[in-house]
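Heads up: the structure comes next, in C-alpha cells.
Which chain is which? They are A, B and C, in the order written, and residues in each are numbered from 1.
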Amino acid sequence: MDEWNFFIHQVVPALNRGLVQSMWLILPSASIGLCLGALVGTLRAYGPLPLRKACDIYATVFRGTPLLVQLFVLYFGLPSIGIYLSPYTAAVLGFILCTGAYQSEYVRGAFLSIRRGQLLATQALGFSSMQSMLWVILPQAMRRALPGCGNEIIYLIKYSSLAYIITFIELTGEGKILAVKYFRYTEVFFAIGLYYLFMVTLANFLLTWLEKKLYIPGFGRG
Amino acid sequence: MTDQTMVLRVENISKRLGGRQILKDVSLELHRGELKVLIGPSGGGKSTLLQCINFLIPPDEGRIWLGEQQIEIHRKQDLYAYRQKVGMIFQDFNLFDHLNALDNVSIALRKVKKIARKDAEERAMRELERVGLGDKTTLYPSQLSGGQKQRVSIARALAMDPEALLLDEPTSALDPELIGEVLGVIRNLAQDGMTMIMATHQLGFIRTLADDILFMQDGQIIEQGSPAELLDAENGSRTQAFCAKLNELSDESET
Amino acid sequence: MMKTLQVLCDSFPYLLGGAGVTAAAVTGAMLLGLLIGVNLAVVQVYCGAWPRRLVGLYVWFFRGVPILVLLFLFYFGLFSVLGINLSTFVAVILVLGMTSGAYQSQIYRGAIQSLPQGQLKAARALGMSDRRAILSIILPQALRLSIPGFSNEYSILLKDSALAYALGTPEIMARTHFVASRTYEHLPLYLMAALLYFALTWIGVKLLRKLEEKVRIPGYSLN
C-alpha cells in the first residue's frame, strides 16, 4: 500500500510534469526538424552544386557525430565564443539540427528514387515544372520518405532524454531526481521507461495508420 | 487516307551528346493521317529523334513546325501547349506509379487542361474502353501487365486529343505474347486516321500499315520510301538487308 | 590560441585512450548484440507463437526505451537489486549489447526471410536436423547478407556509446568533459571529440567492408 501511495503521490505527478516538458522539446524539434530536413533534402537532390555540397557536408557532420557531442558544443562550447544558450534553447536547437540532417537523408533518397521516366512523361504531356512537381514528383517522394521520416521522429522522442544531461529537466530528469531522493532506482526508471514506451508506441501506431492510409500498390514498405 | 495537310514539319535537326553526333541534319514531314515508321540499328538515333521532336531532348539546331506554327522552345507556355498536342508513347511506358489507370489518363486533363474532374474522368473512361481496359480502371501500374501498361499509356496520350503521336518502340519492352494486344490498338488508331511516327521493328506491322519507311543509321535518314519500294527483296536496299537479318533472327528464336 | 593548441596537444593521448575505451565497449556490445540478435531472429522466424511473442516483447521494450533510461535502470537499479556489482564499463557493454541485440535481430530476421525456401528444404532432404540446417546452411548465408546492416548498426551504436558518459565510464565524452571543465577550452575539445567519433566510424566501416569482401561468395549480395 505504501508502494502504491509512493507511485500515485510522488512518481506519477513528477513524471507527468516531466512528460509535459519533454513534449515542449519534442513537438517543436520534430516539426521544425522535419521542415529543415525537407528543405535540405530537396537541395541535396536538386539544388545548385555549391549549395548541394554545403548541405551534404552539414548532413555528414551531424549524422557522423553523437547527438551528445552536438549538445555539448552548443551548451558548453559556444560560451567560449561568447554565445550563451539556455538549456532549453540548446537542446531544441541541437535536436532540430541533428534530426534535420537525418530527415534530409530520407527526403533526398526519396527524390532520387523517382525514375527519370516519370518526369519525362509529365513533360511529354505538357506539364509545367511546377505542375509535375506538385502532382507527380511530390506525391511519390512523400510516400517513399514517409517510413524513414516517421522513424526518425520516433528516434527523436527517445533521444529527447539527452536534454537532461545538459540540465534541462524533462521526463528523464524529473525521474532521476526522484530516484535519487527516495533511493528507488528500479521502480522509478522502469516507470520512466513505460512513459517513453507509451509515446513511442503511440507514434508508431500513428505512423502505421498514416502509411496504410496513403498506401498505393508498388509503394510503401516491403 | 493520307491527305496533303502538313501536321508536323521537322527541319535540319542536329544533336550532339557527350561529344558524339547523335543526329545530323534530320528533316521530315508528317501529313495528316500518315503513319511513318522509323527503322534501323539501335544507336542509330531513332529514339533521340523522337524525343527531340517534342523537346524532351532539346535539339542543338533545327526547326519544328506544328501546322503553320513554328515552335519556339524558349517560350515555356508555347512549349507546354505544343507538347499537349503531340502525344508520346515511351518504350518503358512511364505510367505514373502513384496513380491508378483512370487517374493516369485523367491527371493531365485535370491539372494541365484544367478540365473538371467529372468530365476528365468520363473522357479517361472512354479512352480506356477504346484500348480495351474499361474493367481495369482502378488498378495501379504495379498491378498491370506490360501490355496493359502500354495500352494505358496510349489512352493517356489519346485523351489529350493529340494532332500526332510519337511512338518510341512501344512493344520492345514487352514479352512476345503481349506484343499483339498493343499492336492491335495501334492498328486501330492507324485505321481511324491518327497521324503517327513510330520507331518499331515489327515487320508484319510495317508491311501492312506503314505509309512511309525512314531508315536511320548513324544519326541520319539514309533511305526513305514506301514498304513496297524498300522491302522488295530484289532492290538491294539497306532497309531490305536489315529487315532480312531481323527476319532471320526471329526465325531462329522461334525454332 | 597558443594555449588552446597546448591543451589539445597535452590532452590528446588521454582522449585517444578514451577512444580506446569507446572502441572496446562498442566492440563488446556489438558482439553481445550479435549473439542475442541471431538467437532472437531464429526464434522469430522458426519458433511457435509464444516464443515469438516473448521476443516481440523484448524487441518492443529495448527499441522503445531511451538508452539513457536503460543505462540508469540497469546500472543503478536492476544490477544492484540483483546484487551484481559491475564496473560501469561492463554495465555499458551489457546494456548497449542488449539494446543492439533488439535492433540486430531485425536485420538477421530480414536476411533469413530473404533466403529462398528451398534452402531449408534441401538441408532437411539431406537428413539434417533443423538446428543443424540453421547453423550450417541458413546462418552462413543470412549473416553474409547482414554485414551492411551490421555496419550501419555499428555506426549508430558508436554514437549511442557517448551516453556512457552519464555513468562516468572513462570513454571519449567523459574524458573530454573532464579536461574541458579544468581548462575551459570547451569548444576545441568537443570538436576534437567529434573528430575521434568520425575516425572510429570510418575505421569500423572500413574494417567491416574488408570483412564483407573477404567472405564474399559469387552471386551473394543484397538484391
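Following the convention adopted for this analysis, a contact is a pair of C-beta atoms (placed from the backbone, for glycine too) under 8 Å apart; a residue touches a chain by one contact, two chains touch by 3 or more.
Values in this document were obtained by computation on a predicted structure and should not be read as measured data.
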Report the topology of the inter-chain touch graph, choosing from line, ring, star, complete and other. line
Select the chain whose centre, defined as the mean of its C-alpha atoms, is least distant from the mean of all protein C-alpha atoms. A
Among the chains, which one keeps its Cα centre farthest from the Cα centre of chain C? B
Chain A to chain B: how many Å between their CA centres? 47
Separation of chain A from chain C, taking each centre as the mean of its C-alpha atoms, in whole Å: 22
Could you grab the centroid distance between chain B and chain C? Build each centroid from C-alpha atoms only and quote it in angstrom. 55
By the touch rule stated above, which residues of chain A touch at least two different other chains? none
List of chain A residues in touch with chain C within their complex: 61, 64-69, 72-73, 76-81, 158-162, 164-165, 172, 175-176, 179, 185-187, 189-190, 192-193, 196-197, 200-201
Per the touch rule above, chain C residues touching chain A in the complex are 60-61, 63-70, 72-73, 76-78, 80-81, 155, 158-163, 165-166, 173, 176-177, 180, 184-188, 190-191, 193-194, 197-198, 201
Can you tell me which positions in chain A touch chain B when the two form their complex? 115, 117-118, 120-128, 131, 134-136, 139-140, 143, 216-219
Partner chain A, residues of chain B touching it in the complex: 54, 56, 76, 80-84, 87-88, 90, 92-98, 107-108, 111-112, 139-143, 153, 156-157, 160
